[in-house]
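Going in written order, the chains are labelled A, B, C, D and E, and every chain counts its residues from 1.
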Amino acid sequence: QDHWSEIKQSKRVVVGLDDSFVPMGFTKKDGQLTGYDVDIAKAVFALYDIKVDFQTIDWSMNVTELRNGTIDLIWNGFSITPEREKKVAFSQPYLKNRQILVVLKNSGIKDFSQLKNRALGIQTGSTAQQWYESDQKALHAKQEILYDQLPNSFLDLKAGRIQGILLDEIYADYYLAHLPKNDYQVIVDKKTPADYFAVGIRKTDPTLRKKINQGLKKLQANGELRRLNQKWFGTDSNYLGE
Amino acid sequence: MLEVKNLSKSFDGRNIIKDLSFSLKNGETMTVVGSSGVGKTTLLRIIAGLETADSGVITLDGQNYDPQATGVVFQDFNLFPNLTALENITLAPKLVLKMTAQAADNLAQELLEQLQMLPYSAQYPYQLSGGQKQRVAIARALAMKPRILCYDEPTSALDPNLRQEVENLILNLKRQGQTQFIITHDLVFAEHVADQVLQLKPRGENDEG
Amino acid sequence: MLEVKNLSKSFDGRNIIKDLSFSLKNGETMTVVGSSGVGKTTLLRIIAGLETADSGVITLDGQNYDPQATGVVFQDFNLFPNLTALENITLAPKLVLKMTAQAADNLAQELLEQLQMLPYSAQYPYQLSGGQKQRVAIARALAMKPRILCYDEPTSALDPNLRQEVENLILNLKRQGQTQFIITHDLVFAEHVADQVLQLKPRGENDEG
Amino acid sequence: MEPRVIVLLRSMDLKRTFLLGREKMDYVIEIMPALLSGSLMTLKIFFWTIILAFPLGILVALGEMSKFKPLRYLVEFYVWIMRGTPLLLQLIFVFYGLPLLQIVFARYQAALFAFVLNYAAYFAEIFRGGFQSIDPGQFEAAQVLRLSRFQIMRKIIIPQVLKIVLPSIGNEVINLVKDSSLVYVIGLGDLLRAGNVAMARDVTLLPLVLVAIIYLALISLCTLMQKRIEKHYSYYR
Amino acid sequence: MEPRVIVLLRSMDLKRTFLLGREKMDYVIEIMPALLSGSLMTLKIFFWTIILAFPLGILVALGEMSKFKPLRYLVEFYVWIMRGTPLLLQLIFVFYGLPLLQIVFARYQAALFAFVLNYAAYFAEIFRGGFQSIDPGQFEAAQVLRLSRFQIMRKIIIPQVLKIVLPSIGNEVINLVKDSSLVYVIGLGDLLRAGNVAMARDVTLLPLVLVAIIYLALISLCTLMQKRIEKHYSYYR
């Protein structure tokens, strides 16, 4: 049944996130949680005078956590996919993302098709993996290697045991920006459809969904969304949904 | 009276004891002699309830026999390595007979004194010589004052003086009415202490002596 | 000639052996007697190189003494539990003396026969009685034909017949020129086999007998 | 042994890669608090698991040797499941599976529950091995002295068993320190998780080197304690 | 023990939750091939680690007891590092760290390298314990028979040690089956990984139940073999 009244009354909502997912949600050196999603979630619920408790979870357990009620929302760069839509309800999307390919600068790789006889790295359970394994025609590597942690795939790329990594543009931008010396090249493919980050909600919680959508709209209206996009991505965007 | 009737025991199909019968009156001392490997230790272990006979009946005073009535001095001593000589002796009196620590210590020291072991009471078994271990084992069994006291070669590791000492001890206990069952190779010793000598012979041609 | 000069050994500050000197001529047999705990086993262990003396010198034929020259029958046998009686005996002759399997087996069976142990040659130590274990231990040491053969109470677990058997064996070896060093409590036995009796006495008042 | 580590780390060319530039030192000092607070979870899981699983393990071992068959089968079944499946999966079942049967644990309690049940099974196997390696003569001697089963256990057998099983228990304790990192799967943050987060955020392997060093320190502490206890038990042979 | 499992799974109300609906059966049949091909990696790692780490472990144990101090310290240092840090981190260092020093392993070789080094250290500690629990009288008896150190080891000590350490080795072998799942961190797909992927994709715990059952089967097989070997060694006490 619908949890909104409970949440309203206790003034608390539990958001599940993977605290190693930069820049959407992660722990700072001082132990404070921060990130784009953390800021947005706080801003949305501030509108209802509700405090957000962030619960770190193992990312591969996200839907199970939601179903068991140990968290109320998945809010952590959670892309809308057909598989996920079978199990959870999504809010309106609040950020546009796409899958891009990272290769070494001197590799000579210029487009997706060149991976045909090379090894490709992907994160387990990521949107990238779901897209790659779908009916797409754009990218087919000789061999796919699955990683639990994206930083490991970068180390592997550097060691030359794989030749490309397929991942979220959002993450790639952050990672490459933080390298002392950037030896990597980002390759974008026009045929790869964009995907959209949204909040995952139990299907039995329509009120909560409605409230979040209303909240997001309000942030768009009052300029908070633009401010956060500026803060985290340096872009002047006020994007919200299709 | 301890009565053993038609006792048989075999290992791996080899008859060790066959149709053995004998009786031991209360307060009397029986010695068991016989060549090595004839089954003396096996017989003792059956009486002590540590081995089950293949067939045969044992009764004590006409009633069903309970091995709890026996105390044993083992051929290889089986001292508790984690306890000192003194603790080895006092453990059971304290826990089973509910003696006070004081009384148990006194009793143990008396026994150790008699066996010339007083200086070694605080040593652990690994620090004792063969004969010293054997004397601790004797004292440990004596301290429990069992109805029937069984010894498996109680003098094997002892020098003549100490053998004499143990002989005196056994005769002393006999005077006090203790029933005793003693395996030994020492025929002289056997003669001295025995009311009855049980001679085991190989292959079921057993006999009362 | 084995010469021991001014040998001393203490455990935990307690003098066990003090200033002990004696010599044993080649081909002769020495028995060591003395009360329990006096240090007989300790002395044997020093000669066998298993314990180091605190002070003192040992020489063999005037040269620096090498404990490899000795064989030992241990008081508690130390049989190898993973080998049968026969294998316990043949192991070292095969590996060290490079005897053929056939020759080693023959030798072992001869010794077992002499000790009336032939029927038990395929049994593991845990299946043997006390006296049977002791006889395997004796055979194992004999099979290596060491320069000096040391026994720690070789007859303690044996009945009179077997004791006689072992006595014969020792006298036989003596006739063949074997040097022997025997700890025993059995004064009669000691007299029968000894060219020389070493009497150990407590607390450094040692003496040659 | 510790000083030797430093020497080795220097003599190998790890320095260039991982360690010890001025900025790197600053970085280490910056992320240390997060790692240490991660260690706290590691230590909590460790401590309570030991305290609870140790006595439970002895009981289970006795159950495994019980003459009452239904009890023995039940206990054997439990040990079989616990040793036969990964602790990670047990954690998942306790925390994510049991709620489907209306049994809901809080995160930390679920972790403890799974750890205690799992480690008790391992300890039990070790104890059983220990019990079985005691010379039967010890049981026999105690039995003819008319000690009760309980007294034989307490005064004769268990002290000897403890001495025997100490090295194996030490091994399991070390495993426990490391296994405690599995709590990540139910969303608890421990030492290893803290290192992973820092690695993802700051794009460097250095946090993992620090994590390894902290583990090494914790485990060396355990080994030291083990040596102490072994020494305590060396009064007899 | 296996038939009893079924009974228990039925009698508890797990059926409703996890098992045995018609569509679920279909699902099981669908994902089974992926799980079994994952098991193959598990078995490969397992097999080669045992084959290589076992003899290496004996050598390391002898090194630990060596009288030549530099060798002993070196070996002790190695064991200390291997037991003192998580295998997961060792895998990461071998695979991701060593390339920074220009030492590049292929994926599978890196996994084997880390596993063998790690398990050899554990086996070594177990063997050392076994060696030390042999009655010193056994060494003495063999020594006065003039057997060489090597002969004493081969004929007297190691056979007795093997009998003693068998249960502990069994424990480690079981750990190995489970630890093999750690290869996920360097991108190798094993049984557990296959289950995780299916679980994340299909949002159901069922694949993990299957994974648990496969582990249980593999480990029961190991235990069975252990019992066999124990029986083989029971010819003496």
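Quick note on the criterion: contacts are C-beta pairs under 8 Å (C-beta built on N, C-alpha and C of every residue); 3 or more make two chains touch, one makes a residue touch a chain.
All values reported here derive from a predicted model rather than from experimental measurement.
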item	value
Each chain counted as touching chain A and chain C at once	E
Steps needed, at fewest, to go from chain A to chain B via touching chains	2
Chain copies touching (chain B, chain C) - same or different residues, decided at half shared	same
Identity of the chain that, by mean CA position, is farthest from chain B	A
Computed distance of Cα centres, chain E from chain D, in Å	17
Averaged-CA centre spacing for the pair chain D and chain B, given as whole angstrom	47
Distance from the mean Cα position of chain C to that of chain B, given in whole angstrom	29
Of all residues in chain C, the ones touching two or more other chains	76
Residues of chain E touching at least two other chains	92, 96, 205
Shared-contact residues (touching 2 or more other chains) in chain A	64, 149, 155
Touching chain combinations (by label order)	A-D, A-E, B-C, B-D, C-E, D-E
Touching residues on chain D, where the partner in the complex is chain E	1, 4-5, 8, 13-14, 17-18, 73, 76-77, 80-81, 83-89, 92-93, 96-97, 100-101, 122, 125-126, 129, 133, 164, 167-168, 171, 174-175, 178, 181, 192, 205, 208, 211-212, 215-216, 219-220, 223
Residues on chain B engaged by chain C in the complex (per definition of touch)	11, 33-37, 41, 75-76, 120, 127-132, 135, 153, 156-163, 185, 187
In the complex with chain A, residue positions of chain D that touch it	30-31, 33-34, 37, 92, 95-96, 99, 104, 107, 184-189, 193-194, 196-203, 205
Chain B - residues contacting chain D, complex	48-50, 67-68, 70-72, 74, 76, 78-82, 91-92, 95-96, 124-126, 140-141, 144
Interfacial residue positions of chain A with respect to chain E in the complex	60, 63-64, 67, 83-84, 86-87, 121, 124-125, 130, 145-149, 152-153, 155-156, 158-161
